[in-house]
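The block underneath contains the structure these notes are about, expressed in structure tokens.
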Amino acid sequence: MTAPLLSIADLHVAMGPQEILHGVRLDVPEGAIVAVLGSNGVGKTTLMRTVSGIYRAKQGTITFRGQPIANMPAHRIVQLGLSQAPEGRQIFSNMNVRENLVLGGGDVGLGELDRVLAMFPILSERLRQNAGSLSGGEQQMLCIARALMRRPSLLLLDEPSLGLAPKIVAQIFDLIVRIRAEGVSILLVEQNARAALRIADHAAVLEDGRIVLSGPADQLRDDPRIAEAYLGGHAH
Amino acid sequence: MTHLLEIRNVSRRFGGVQAVGDVTAHVNEGELVGLIGPNGAGKTTLFNLISGFTPLSGGTVAFAGRTISGMTPNQVARLGISRTFQNLRVFPNMSVFDNVSVGAVGALPQGAFGALFGGLHRRGRDRSAEISRRTWEALEAVGLTHVAAELAANLPYGQRKYLEIARALAMRPRFLILDEPAAGLNDTETRDLAAFIKRLHGQGLTIMLVEHDMTLVMGICQRILVLASGRKIADGTPDAIRTDAAVLEAYLGVDE
Amino acid sequence: MFDPYYLQQLAIGLSLGMTYALMAIGFTLIFGVLNVVNFAHGEIYTLGAFAGLVLISATAPPIVAVILGALAIGALAGFSLERIAFKPFRRFTDEASLKSRAMRESTLLSSLAVSIVVREALEIVFGSQMRSVPFEYLINTPVRVGPVILVTGDFIIFGVAAAMLIGLQYLLTRTRVGLAIRAVSNNPLGAKYVGIDTDRTIITTFVVGSMMGAAAGILMGLYYGAVFPAMGFTPGIKAFVAMVMGGLSSIPGAVICALILGISESMATTFVSSGWSDMVAYGFLILTLIFFPNGLFGARRERV
Amino acid sequence: MVPALILLLVFAALPALLAGFDKGYFYQIANLALIFVLLSASMHLVTGVAGLLHLGHAAFYGVGAYTAALLTSKLGLGFTVTLPLSGLVAALVAFLVALPTMRLVSIYFAVATLAIGQMLYLVMLNWVDFTKGPNGVIVSKGFELFGVSLSGRLAAYYTVATVVTLSVIAIGRLSHSYYGNALRSIREDDQCADAMGVSTVRLKMEAFTLSAFFAGVAGGLWAHMTGYISPGDFKFSESILILAMVVVGGLGSLPGAVIGALLLILLPEGLRALGDFRNIMVGLVMFLSILLLPKGLLGEVSALRLVRQQLGAAWRTTGPANGKGEGIGWR
Amino acid sequence: ADTVKLGYQLPLTGDTAQYGQDFRKAAEIALTEFNAAGKPFKVEIVFEDSRSDAKEGTNIARKFVDDKEIVGVLGDFTSGVSMAAAQVYKEAGMPQLSQTASHPDYTKVSKYQFRNIATQAQEGPYNAKWMATKGIKNVAVIAEQTDWGQSVVTGFSDAVKANGGTVAFSEFFNRGLKDYRSLISKIERAKPDAIYTGFFYEDGAQFLKQLQQLGIKTPVYSTSAAYSPKLIELAGGAAEGVHLTSNFLPTDPSPNVQHFVDEWKKRSDGAVPGQFPAQAYDAVRIMLAAVEKASPNPTREKVRDALAQTKDFPGVTGKTSFNADREAEKELVKVEVKGGAFVPVAD
């Protein structure tokens, strides 16, 4: 087996005096979808932010394509081909949709614009509208679209279905499968555990800053503990 | 008969976008109504029109028989309409308790005079005690008393959602508007939330909520309004909505 | 029948406004990227003027070299200022700090503290008196345009301000760097997620903005023929006012409002009295804000 | 209440310490520092609690001082009458100028207060017939209470200390109350506060007016204390000084505002030995303190602790409900 | 005691530090001379920085008053601070001699306030008369908006009217104004025969330069406050032809003036002193003389009385006497800027 695309080992992250992640280990193999599940406040977002270089790792390693990226400045990590659609969207609310996408393209440019807009037709109708005036769901789509603009090799999605209509949620999950087929690996944090486990290859459960369970997604899907905690009590 | 909330021919344009167009709807006292629709359908805009954040382009909104279109948000709020926001808006640098107390003070203003001399006369003391009590009750209702002293910014997302609801409850509203309360919660948490909302409703509160989680909406709402492209396309019981062709087409997607 | 007197007063007002505009441009640029008032911009302006003066008295170089010297000092000062007074406050990344008023005003005050130290240091080194600029460097030879008398400096300042304005507008709206600046200004965290080096963007902006401030300083020194440690104070306030009146994010707006301030001052002197001229300028500001609560060209507040 | 008692105790005990030196200088500085404590506490209400950057506070200080001075010099009124009037007139002026500007938010609000401050300063300076303009006003009467002179060293100190302590306690009650929480909510998110039924414009106006009231009182104290005032005492740099006090001490914290004022008044005096370098030192200390403790020497204690104490009692008396939100009659 | 202490409060930092720094220099010259003269006692001057801030000024005043050894105080620079400090000195019975305080009520505060400056009540009529003899009937008056500027306008305007002239225009500007062109255009519209100006050299230089830029040739008269070599340095050719009054001429060949000028040059890279340092120098020497007169065992009261008796003190600014109101009566000289220098003129 080849070395995973992203490999996180013994990651500790602290915010002030309080440690939030206590030794997380997680791999994202090339071309895989890895889902991270966990209830509120266990540190999923913290993990994602640390991978993207927003938070500092107190201890531990993160390697991306064999290159250590822990505590590398965020912009360098993005330039290596690791984009994130973050929690809270973090779009540029005073700039229009097109400018947001252009910024997402970074130095890769606008090559992806047409393809991305084709995935989110609503956005192409609103290219000149200020991103801040979009509806919540539209903003969420913009956030994902922006992350795709760079043609990343690893895409981090922090709750991509947040605020989207059921029809769009289904589309988003289809989309994730599709872009995986194009060779993009995906690290996915999702509250909609059922849907996440359906498309994921691997999954991990984060609890209190530790990975307590991990393995192939179909295995986890049948795990009673998962069913109890994340799937509303009954499997499937 | 008059409804608690009466929305008549309401519309709102933003430049070229007709966010809400000619919507007529109502909510009865004691009802639990869901508002659904595709992204960008105008749900949040409709909430903003009701709560006074966005001026109407046309139509009227009446609450408890009173026209409230044209009122400022705080006037609307003091009439008993309280809301949460789609993008969480807690007061990050205030404690949880203080956050919630703002809702109580919004409804029962403590003036400068009361703050200065409140301790000296009975009415002032009663007022403060009442605010404290409402705040504490709201915190208990959502189960956040154990973090009352925490800075709101330090709460995880899920607790912030409840914090926002507690703040709205501390106003003791007659009518509660929730904008995507379950967003970002997992199934178990959503189920708890649904039970919580139902309990609130059971205690007599009129509620209207926007939500994309169909299990929640279908599970607890008595009636559902559906918006698409700013227009009302359906209004009916969950069962009727579930099978409504237009709704399936515009919103739910065929396979649900 | 027009009276050339009023034309002259109008021209003076415009020229005064241009001097405010010259400073407001760099000020607005810097405000734009951090959303914090940079109280030390006035000191950058002063440093630019002193740099030019020191060069002149040391080697009497050609005027272009003087300006370049001022620009270099401006760049250096802007760089150091950012490192000393602003960057340290970006070490806090938790939400409570990011959204805290206390942090925001602290950043503002740190630039104030730096400006105090710089001004006091300048006073100790150079004394607080006005220093004269040798006459051959001055740009105040009278020029008659029809019935109106102006000086060469008015045209130079106009030219420089116009060049800065057009250059910056081009930079901000047409180039990638400009887009990055706007992105950082709008949402620094978001900028990180799209691969912008926020730190470098901020520094660049500071350096460019401070170079403009320093250029303004030396030009004003040559224009008025006097350089002194407190010289940046009044134009600093006027530039601040012009920026806010224009709507914060709009550099053309700041320039237009600077001109409005200048004209209202000269008109107030004409029709009321010199002592009350600022009153009229501030009155204009308040009126503008009553009718345009986000400045003349400011963006509306975001939707809830 | 406890901090107020501590404050009282400290202020009351201070002369015992000062008497040891037997220096008018120490009393002078103590009085001056107290006046600035009041100024910074009053700005705390607007800038710290309600989060509105106020760049014209010194003007209201000036309005108060001029009220006292002109009432004394033109009508011969004494301190007992002029002091409350100083506060009231300053509050009235603030109310009137605030009427059109309180809808403004953030930096627009700040620049409006800057303009208001400058305009009031220009009135003090240029309306020569009324204010005597740059000539300033001699205030021939010192402190007194119903005709009893209080201008002795100790009496003057206690007069200032009493007025300041009472005012600071009042400000403390305002900011550590539910009223203060409503103001704080404007600071945190005014639109959201609005949705909670908090009438933001009205509250901003009240906070602004109240803070002007206390600034006016400080002005009245200053006028009677120095015996001569002129517009130069109230210029823009004084507003900035007061702002610096509030921020250095810890924006949002009343004890912070008090400490900030003491620091920025005592420090330049204490550093006199440094000669021409002392102001650089003041700037440096200010810078370092903000750099190391950006949330102030004393961060926001917030209403939190006090409210909790208060709540503790209130809650016990109303009796806590049991369980987790079951059967709560919150309607 | 063999040392006597004096206090000097003055702005050594801040926007007006240039004046305070000059005063300290002048005082040190005077003090060194005095202490070198083999008097039975030495004098020490405590300098305190007031920053031209009334708060600090009163603090310093208290400090000086507390120091039982200090028998007299010099300063402050601006009237605002001098007036505020005077309230303290009045109460404590401390003689205060300011080299510059020009507030009309300054010496009225109490019997302890003295000043060594020609008041505008004296300078205004003097200039008005000078202008009248030159046939100037219609004048424009401008002055800075300070207590001193106020007295410039009243002192002068009253005298012009008394002489049968008219004041065509009269206005105040805020100190530190940079652009005078609007004001100048407005003055010119009133078509005065001459402009009388109350400004210090900083504002003066800007005013004169801009006057020249606008091509205006109307003669300009000013007060001794603008009399500083810096005026010519800053305004250059634009200062040419300005008429001023003064009571100090560095070119005066008399030995005490030359001594002061030499000492000054030694300490300031060859620069020539202006009016204000000269006033400060004299003020310090007047105070020293009073201390000497009050010795042995000078007290504040004795120093005050000695000061009040000052008569025809031979200073670099001419002979100084204090009248019953403790105002200095100065001999004024007419000066014009010619060829880049101040030149005394007969008329």
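Which chain is which? They are A, B, C, D and E, in the order written, and residues in each are numbered from 1.
Assume a contact is a pair of C-beta atoms (placed from the backbone, for glycine too) under 8 Å apart; a residue touches a chain by one contact, two chains touch by 3 or more.
The chain list, named the UniProt way, goes like this: A = Branched-chain amino acid ABC transporter ATP-binding protein; B = ABC transporter ATP-binding protein; C, D = Branched-chain amino acid ABC transporter permease.
No experiment lies behind these values; they were computed from the predicted model shown.
Under the contact definition, chain A and chain D share the contacting chains B, C. Of the two chain pairs examined here, A-C and A-B, the one linked by more C-beta pairs in contact is A-B. Each chain's centre was taken as the mean of its CA atoms, and the one lying most distant from chain A is E.
When chain centres are set by their Cα atoms, the one at the greatest distance from chain B is E.
Per-chain CA centroids place chain B at a distance of 39 Å from chain D. Remark: chain B and chain C have CA centroids separated by 46 Å (rounded to whole angstrom).
For the pair chain B and chain E, the distance between C-alpha centroids works out to 72 Å. Each chain gets a centre from the mean of its Cα atoms; for chain C and chain D, those two points are 32 Å apart. Shared interface positions of chain D, defined as residues touching 2 or more other chains, are 125-126, 187-188, 191-192, 195, 252, 276, 279, 300.
Multi-chain contact residues of chain E, defined as those touching 2 or more other chains: 13-14, 17, 145, 172, 174.
Among the residues of chain C, those touching two or more other chains are numbered 94, 99-102, 120, 275, 278, 303-304. If you check each pair of chains against the touch rule, the ones that pass are A-B, A-C, B-C, B-D, C-D, C-E, D-E. Looking at the complex, you find that chain D touches chain B at residues 170, 173-174, 177-182, 184-185, 187-189, 191-200, 206, 210, 252, 300, 302-304, 307-308, 310-311, 314-315, 317-318, 320-321, 324-325, 328-331.
Those residues of chain C whose C-beta lies close enough to touch chain B in the complex are 94-96, 99-102, 303-304.
Residues of chain C that touch chain D in their complex: 37, 85, 88-89, 92, 97, 99-103, 105-110, 112-114, 116-117, 120-121, 124, 237, 240-241, 244-245, 248, 275-276, 278-279, 282-283, 285-286, 289-290, 293-295, 301, 304.
Residues 93-94, 179-180, 182-183, 186-187, 189-199, 249, 299, 302-303 of chain C touch chain A in their complex. The touching residues of chain E, when paired with chain D in their complex, are 12-14, 17, 48-49, 51-52, 54-56, 58-59, 62-63, 65-66, 78-80, 83-84, 86-87, 92, 103-105, 109, 145-147, 149-150, 172, 174.
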